[in-house]
Amino acid sequence: MTTLPLAIRLRRALLIALILGLWAPFKIAWEQNLAKQQDALRYNGIVMTRRLRDDLGQGLTIGVLSGMRNIVADLIWLQVTTAWEDQEWFRMGGLINLCTSLQPRAPVFWDLGGWQLAWNASVAASHDPKQPDELRRLKAGRFWVDKGLDVYLRGLENNPQYWRLWSDTAMLYQQRLKDYHKAAYYYQQASERPNAPAYLERFPAIMYGLAGDDQAAYDSWKALWERLTPAQREMKEHWKEKIESNIRQLEQKLSIPKEKRVFPN
Amino acid sequence: MISSLQRIIVIGRNTLTEAVRQKVLNVLLIFAVVLVSCSVFISQLATPGLDPAGLFDEQIKFVKDFGCGAIGFFGFFIALLSTALLIPQELHNRTIYTILAKPVRRSEFLLGKFFGIILLLALCISLMSLAFVVTLYVQEQVGLGVVDSTYERMGDWKNNPHIVAMHDHDAAIIISQVRDPQLVEAVVLLFAKIVMTAAIALLISTFATSWIFTVITTFMIYLIAHAEGLARTFWLSQGAESTIWQSALVGLISMLIPDMNSFTIVDEILAGNHIPWSHALNLLAYANIYVIVLLAVSIVIFDYREI
Amino acid sequence: MGAITKIRTMESSAVTAPTLAVETIGLTKRYPLTWKRKVLVALDSLNLQVKQGEVFGLLGPNGSGKSTTLKLLLGLIVASEGEARVFGLPPDSLDARRRVGFLPENPYFYAFLNGDETLRFYGKLCGVTGAKLDKRIEELIDLVGLQNGRERPLRSYSKGMLQRIGLAQALIHDPDLLFLDEPTAGVDPLGSAQIRDLILRLKKMGKTVIFSSHLLEQVQEVADRVAIFSLGKKVLEGSLESLLTENQSTQVLIPAEMNAEQQDRLRQFIARDGVDAQAIRFTRPHLSLEQLYLRTVQAQPDAAKDSPKP
């Protein structure tokens, strides 16, 4: 419905085409660059495991919703509690999977999700009144512990800097799976992460102690003592008295020669 | 040049005054502020039976997600509606005649109106962010209270320095999550996203015949823009099986529609992951240039629009 | 000798030919009506010249092309054909619009601004700033008589007040050319008279005024020249003097009552010079209703300057 002379209309269309035409290649290149940066930031440079890629298969649906990805994940997460109350473990597992797929870099989903499975589901299953066979109950309990552990481990792939995931994995090995060496490893990793609480640094040695591996425990205590600076040793949270007493005890037990002892006296 | 800028600023400030003196906007804003504050209550639907520190990771995430979600949501609608009505109102009331009879270029008029929208959006985002900060602070205090009361149950814990250390660590986690300076980055990115939305709406409105058309079209472009990344990767790596029409459509989307999905990096910030400012600035620069391109096209269209 | 005469002629022609405020050559505007498959010719090949310092009236029924002409001269719309020049410049150029003021037929202003803010806004757009703007605003508020309305938003203004603020914003940058679209429509007679006086005052200041109006008597009071439009064409143009003067007769005003006998005697006297005695008519001079109204209203001690909206 325009009344403009053709010359003006043509010039206008040409100008628009020029602006957009010049912008298009820059735009695409820039977007590719941004996407590459974001992939690195989101997935921490880790190669996408096949499992992750499968979970994200519903690409288009998530793409459309991705404007509010985190809120969708939160709303789904609210149902995890309901599923637990209804004791529908498999549904709960599926929901946890979905949340972690939507936001793999939200550590809280892996952490609480793993906890729900390895602890709540597992304990409930091993005490399931509907299952008369004790062996089967124990087997079911173990099934959920494994599922929870799997969630923790996948969570660690995506969030290797989150201390609590390492710590909770360690706790699972310690308390449910009774694998103290693994627990020690995971506690050690946890203690090295940013913002980790100081008490975790003592746990590996304690785990070795629980495992009965005195030599490993001694090595661990000694390494910790040597790692702390004199200033740090005086700080309350590093609890130097505890470290010292353990080292002394183990040096005695292992009959370490006096010249090699940390505390010769 | 300077007088041109002055005219743009004058029109911009007038546009802001108009929006602020309109009651409708104030109602919307109050609603938004209330909703941001309500995110506290949604967070109460959290997982029971956990130790407090773990619990609060979850609750704080909820408050951040819903708070920023509300800001993004309302910001989007305020941007969309106020921009869609910008030109139609001037045409309908014919106030544009009086202005263009003055020594004002059409481009200055358009840029001035858009500048007013930017000011308006900045104001709205600031107010909503303030509500968000207050909500977070409330959540922080609640969290710290829960941590304190949990340790209280252990009896005389304050004399045991190791327990004190644990308590302080738990409290520090909550505080660091709430007082995350990265949240500023998140809000700035949200602002950039809604300014881009406004620029798209402005472009559509320069040739649209009704504001409803502008709203619907911009909304659809907004949705498609979230899938643009997928379209682009598909187009750039297409196999032989795509038809010429598929290829053309996907190509067109890749070349014209912005990648709004890149703004969902805000999710990562809200989840507590560090996104360096270098990336945020990269994204902001992209949004900036894109808006300039959209404005340039808008000016070309509007320069010869019949009024 | 011949050379000197030539120079003198050029000088005098430079002095006597005033510059044109507005000039249009074949100015045409067409609107295609796509649903009727027709073309509406809003303005058909207008050739118009308005000299500086003139008061020019545009007359004609609605849809005759007056508004289209104004919009073309203001650079608001683009011509389909032909040319228009304002002070020798294209109408949509900034330099042209800097010298032009526009009073629209309806208040196309922002209703949420008050009088002061409105003038400040348009003033700044025209490049008038700071102390100069403040002074100008005071002057104009005084000139149009809006002292008691300046703090109120425009949406509370009466029609008369809106016309006043309209005039004020048209004059804010002291333009050389004013376009007034129906300046006295909907205004009470007192207000109209004031607007009329204002136009004459502007003319005395050397400004050019082009206005369109339906109110023929008012046009008659102020305009030097008029053009009459019909269906997009300029039908008639000329000075009022030449258009309206009936060249076929002479009017003589005798300030005394005459009876039939006296009238007859006078008739015979005039007829002696060859004038047809039967064609001579004696009538009572009429006041215009406006003159009577003004005379009556202004005689009242408290003539209200503007009546606030009920």
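General observations
For reference, chains read A, B and C in written order, and residue numbers begin at 1 within each chain.
In the analysis below, contacts are C-beta pairs under 8 Å (C-beta built on N, C-alpha and C of every residue); 3 or more make two chains touch, one makes a residue touch a chain.
Source: prediction; values computed, not measured.
Among the remaining chains, those touching chain A as well as chain C are B. Judged by contacting C-beta pairs, the busier of the interfaces B-C and A-B is A-B. The most centrally placed chain, judged by C-alpha centroids, is B. Distances between chain centres, each the mean of the C-alpha atoms, put A farthest from chain C. Centroid to centroid, with C-alpha atoms defining each point, chain A and chain C lie 81 Å apart. Taking each chain's centre as the mean of its C-alpha atoms, chain B lies 52 Å from chain C. In whole angstrom, the spacing between the mean C-alpha positions of chain A and chain B is 29.
Annotation for chain B: residues 304, 306 touch two or more other chains.
The set of chain A residues that touch two or more partner chains comprises 3-4, 8.
Residue positions of chain C touching 2 or more other chains, listed in rising order: 78. Across the complex, chain C meets chain B through its residues 71, 74-78, 94-95, 97-98, 100-102, 104, 106, 108-110, 112-113, 121-122, 124-127, 129, 169, 173, 179.
Those residues of chain A that touch chain B in the shared complex are 2-4, 8-9, 12, 15-16, 19-20, 23-24, 26-28, 30-35, 37-38, 41-42, 59-60, 63-64, 66-71, 74, 77-78, 80-81, 103, 105-108, 111-112, 115-116, 164, 195, 197-199, 236-237, 239.
On the side of chain B, the complex with chain C involves touching residues 3, 6-7, 10-11, 14, 17-18, 21-22, 93-105, 304, 306-307.
Every residue of chain B that touches chain A in the complex is listed here, in rising order: 45-48, 50, 54, 57-58, 61-62, 65-66, 69, 72, 161-162, 164-166, 169, 172-173, 176, 223, 226-230, 232-233, 236, 254-256, 258-262, 264-265, 267-268, 270-273, 275-276, 279, 282-283, 286, 289-290, 293, 296-297, 300-301, 303-304, 306.
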